[in-house]
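Every chain is named by a letter (A, B and C) in the order it is written, and numbering of its residues begins at 1.
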Amino acid sequence: MEELEKVSHTMAPISKPVVGAAGKTGAWRIFRPVIDYNKCIKCYQCWMYCPDIAIEAKWNEYPKINYDFCKGCGICANVCPRQAIRMVREHE
Amino acid sequence: MSLKEVIEKPELLLPGHSACPGCGAVISLRWTLKALGKRTILVIPACCTSVYQYIWPTSAIGVFVYNVAFASAAAVASGISNALEIKGRKDYNVVVWGGDGGILDIGFATVSGAAERGENIIVICYDNEAYMNTGIQRSSGTPGGAWTTTTPLGKTEQKKAAPFIFLLHNAVYVATASPAYPLDLYNKVKKAKKLRGFKYIHILSPCPPGWRYPENLTIKLGKLSVETGYWALWEAERINGKMKFTLSPPSRPYLDPSKRKPIEEYIKHQRRFRDKEIAKKLIQEWINYQWSLIKRFMSESSEG
Amino acid sequence: MSKVKAKFILDAITGNYAAAWGARLSRIKMVAAYPITPQTTIVELLAEWIDRGELNAKMIRVESEHSAMAATLGAAAVGVRAFTATSSQGFLYMYEMVHWTARARAPAVMAVVNRFIGPPWNIWSDWTDALTIRDGGWIMIWPTEHQEILDSIIQAFKIAEDKRVLLPALVTLGGMTMSHTAAPVKIWAQELVDEYLPPEPPNPLYVLDPDESEPFTFGNIVLPEDTPQHVWAIEKSMRNAHDVIKAAVKEFNELFGTNYAPFISTYKTDDADYVIVSMGDAYTTCEVAVDMLREKGIKIGAIKIRTYRPFPKEEIAKAIDGVSKVFVVDRDIAFGMGGILATDIKATLFDFKIDTDVHEVILGLGGAEISPERVISRIEKILKK
């Protein structure tokens, strides 16, 4: 039987962890967050709360949004104590 | 543990998962994994996490994940935990990560059994207050007054007081948490990890599509859940055979009902509460009940 | 040849104790089980041994059979040799997890003590319980003797853990008929069994062990177009099992001096016009019936199905070819279809284009007695028609 000949008996649903498993989920966005670095105080609240791990933070450096994966949920803008993040509509 | 140290910790939940924008569960998982570290085996029953880890042959979760049948997680975890001990392995975590469905309803007997036997596992329930994975059906975690697809007129029964139930089991550590207080969650997971025996952590996990609110308000609602007294953050640790019950700092002010924010603040953003008057009444009953339990456990608490 | 001096101790033990000994000699490290009549004494004996330090294993006293299979699965996935046992309602309660365990490629072994499915309550022998998993991907062995129960469990681990198989295996024993009756059994020396079955199991397909593996995810969503290959992989393993079983049984016979047929064995079939096919706790009665019918001048033989899954189609076809009537004794029924073993036999003969009458003989449901007289009465009624 063709199916049996083709397959390895050890084929199994084992998956590897990767970045971007569901692709670049930034494509989901309707609004994108933009950080005004003049207002940013590097409190890292945005980094703390991002559900998509789409904000990169290094200590003492400004947080950076990874637009490949940011879904535009707006939590970062909502939690920022200095309102340093605004949500801007994506262009077509 | 400082913010600086935590920032340097590796991200074990990887970007590119397919959770809904603004999902409270992934914020919770992200911080849970930061605390657990790489030598972790997550046992995941059917739930949202089964889906947003995404599709074979890739996964968005960077630790061991064993996806299992709905009701079975705590029992599979018991088998894994005992087997690793048989093999003489050290320094690993066996953690059940499931929703209110898999932990409180269909899997309840299984979790209770593992708790009663004192299995050396951590069971974490991320409670988004309905069977969200299958499209928002009512669970025992759904609060009274909430719309779900199976309670279109609003649930009439109260939310199951789940975390307290495990205080009456053979647990060494029971705690509640919220993604809106990630460092508190992080510390609790870290503490649980160090203890031997059955540990239970219950996270109230806001859900934009299920609770019907704009997705940017997840953290705001998480904070309001604590500030209104709806969700109390506490932990209980077994020391010398007695439970030491401690209210966590974010919740301490709300032991005093006059300090609690009005329930309207919390429910006004959530369109799942259609009849606001009924919802307010039922939620007030829940809040009263929860805090009466807390006061009781606090008064019986022992330093050990 | 083995250098072991005392190869065995002879003792009169029940079928359940034989199953427990099989598990003990296989050096199981994990038992997770929930009691149910008529399985209970298997688990009780294992508990006693563990507490006395005679068996180096952990017992998880789970709160249900569903959890028993779940915990067994978890342990096997870590690469630890795991065993469980159940019957009837308990088997059905764990049914979801029994399917899951095969599809998760966990090489655990289970003893199923056949018992009637309720309602009504009935604790006696009936095969329908174990037969409901015949489609599930488990190796299935049906001993007819107490010694064979013990030996089949050891063989079951060997087959299940083989790299070409990596599927779970179950061994049945008749509820009350075998579980609670005693017979002389050779309890092999541990050193002898160790020569056959490695004390530590080889790693299964994947290992949930941070010391042995980099992190991976098992069992997340697979899309439709990608799914068939995973199913065929299991079928392929099941087909591989045929040769693995042949070799495993041959090696067992050589080392232990036994005479097991890997798939089927035959009794007085050489010149037979008719043949009775059966298995498990009905089979030896069929051999007695054969002897009685032969005294009446009827040329009849018997075929024992020892390995039920993978179903030994070729072996059965060869044994039945040339016979004009087959009587299949089933201690079970598939409602709306008929005897389960009979249905399998009919399908097999059709595949091999063997034109033989196959007659169902359904007896012994719920533990009703299967006596040689009852078997003969059914056969004679059919022959009279």
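Worth pointing out:
As a convention for this text, a contact is a pair of C-beta atoms (placed from the backbone, for glycine too) under 8 Å apart; a residue touches a chain by one contact, two chains touch by 3 or more.
All of these numbers come straight from a predicted model, not from anything done at the bench.
The chain pair with the larger count of C-beta pairs in contact, out of A-C and A-B, is A-B.
When every chain is reduced to the mean of its CA atoms, the largest separation from chain C belongs to A. Separating the CA-averaged centres of chain B and chain C is a span of 43 Å.
Centre-to-centre separation of chain A and chain C, using mean CA positions: 52 Å.
Rounded to whole angstrom units, the spacing between the C-alpha centres of chain A and chain B is 23. Those residues of chain B in touch with two or more other chains are numbered 53-56, 59, 61-63. Residues of chain C in contact with at least two other chains: 215-220, 222. Counting partner chains per residue, chain A shows two or more touched chains at residues 13-17. Residues of chain B that touch chain A in their complex: 3-4, 7-8, 11, 13-19, 21-24, 26-27, 30, 52-63, 179, 182, 214-220.
If you check the complex, the residues on chain A that touch chain C are 3-4, 6-17.
Within the complex formed with chain B, the residues of chain C that make contact are 29-30, 32, 58, 60-64, 66-68, 70-80, 82, 96-97, 100, 208-211, 213, 215-223, 226. Residue ranges on chain C touching chain A, taken from their complex, read 105, 164, 166, 205-206, 215-220, 222, 228-230, 232-237, 239-240.
The touching residues of chain A, when paired with chain B in their complex, are 13-25, 28, 44, 47-54, 57-59, 66, 68-69, 71-75, 77-79, 87.
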